[in-house]
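In what comes next, subunit A is part of two complexes: it sits with subunit B in the first one and with subunit C in the second one.
Moving on, here comes the complex of A and B:
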């Protein structure tokens, strides 16, 4: 059983990313959307929380915020809306952290 | 600048697009500037994300209001303070931000930088020197 974890807040605005990354299991996936994408910026003080995790960011939200692939922590994948749907489908459950 | 003008400071601490605060702040700043007050802006915490360059909102169906920041100089909003510590802890540097300028009419319209990178202690002094503080 796998779970898709969605985080939509900046890591500096609340504890969603912190809690999600500490609770997710090895086979789970994390998708950062909206202000959550800021959590995937290289060298931000909470970037280490993504280490060893299956992390994706929503491309349109990344572009809206002026960020590009070269600013991201290594290994983080960029998905589009269709990719978002695929992730929802390929995991057994979805947990939206608020 | 009229005698009776007050020093207005707008403190921006929220990321753009996730909430409406950033856009609302810009609207209020432009209104205040039209009344010829001495306006300054501060960007701290997640507010520094508002100034990133290259924002493209076509994929999220929201208005990209980031080009408005470059118009601030024309409204004589020339003091934009960015908290250095907030930038650094977010993995960003001045290079990631828009290059905002204003033209100094006292120096033959020489183009000058609007963004001033400041430390927390400098920011504390800047805030202490204001008359009215608005938080967004």
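Moving on, here comes the complex of A and C:
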């Protein structure tokens, strides 16, 4: 039983990334969307929380904020909306940390 | 796979309605079924046909209506949330003595039970909000 965790807030605008990363199980996946993509930026205060976790960001939301792949924490994947759909399908539950 | 989508935020507020739309569209294009799109809280504002965004901006309401028509989507506005925010169809206008309606094509107004049923009948429930 795996869960997809969705975080749509910047780590500087709420605690949802913190909550999601502290609750998620080893096989769970984390997808950062909307302002959530800021959570995957290299060297920021939240970067360490992503270590060892299965983390993806939504590419269109990353691009909309003028950010590119080289700004991301190593190992973070980029998916498009079709990839988002695939992640929803491949995990048993979806939790939006609103 | 069958999905129900919940939208808790109005159009042009943050990004939830856009995210929900793009997700729904991508799921449909991949051959999944959308059992229902349920608009809750300020999300009911996605269902008024009286919006006029600037011509060079996306028309969020029309975009939902068009997607709904193309894929025969069941797009439901929560009745209590709609009453509070003045989203009205013929039935609500009659019941509450209103002089106009404003519901957009493809939407209908119904109860919260529709959200629960959507969750029960679908493989996944995905919530978009703020």
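Convention: the second predicted complex is superposed on the first by the 98 of 98 C-alpha atoms of A that agree within 3 Å, B and C clash if a C-alpha of one lies under 4 Å from a C-alpha of the other, contacts with A are read in each partner's own complex, and residues count from 1 in each chain.
FYI, a residue touches a chain if its C-beta (ideal position, glycine included) is under 8 Å from a C-beta of that chain, and two chains touch if they have at least 3 such contacts.
Keep in mind it's a predicted model, so treat the numbers as computed, not measured.
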{"item": "First (subunit B), second (subunit C), both or neither touched by A:98", "value": "second"}
{"item": "Which superposed partner A:10 touches (first subunit B, second subunit C, both, neither)", "value": "first"}
{"item": "Which superposed partner A:68 touches (first subunit B, second subunit C, both, neither)", "value": "first"}
{"item": "First (subunit B), second (subunit C), both or neither touched by A:60", "value": "both"}
{"item": "First (subunit B), second (subunit C), both or neither touched by A:44", "value": "first"}
{"item": "Subunit C versus subunit B, contacts on subunit A by residue", "value": "B"}
{"item": "Subunit B versus subunit C as contact partner of A:85, first or second or both or neither", "value": "second"}
{"item": "Subunit A positions touched by subunit B in one structure and by subunit C in the second", "value": "8, 34-35, 60-61"}
{"item": "Residue numbers on subunit A that touch subunit C, as the complex places them", "value": "6, 8, 33-35, 60-61, 80-82, 84-86, 88-89, 93-94, 96, 98"}
{"item": "Of subunit B, residues touching subunit A in the complex", "value": "14-18, 45-46, 49, 52-60, 62, 64, 66, 89-92, 96"}
{"item": "Of subunit A, residues touching subunit B in the complex", "value": "8-10, 12-13, 34-35, 38, 41-45, 47, 59-61, 63-68, 71"}
{"item": "Of all residues in subunit C, those that touch subunit A in their complex", "value": "1, 3, 8, 14-16, 19, 22-23, 25-27, 29-30, 32, 124-130"}
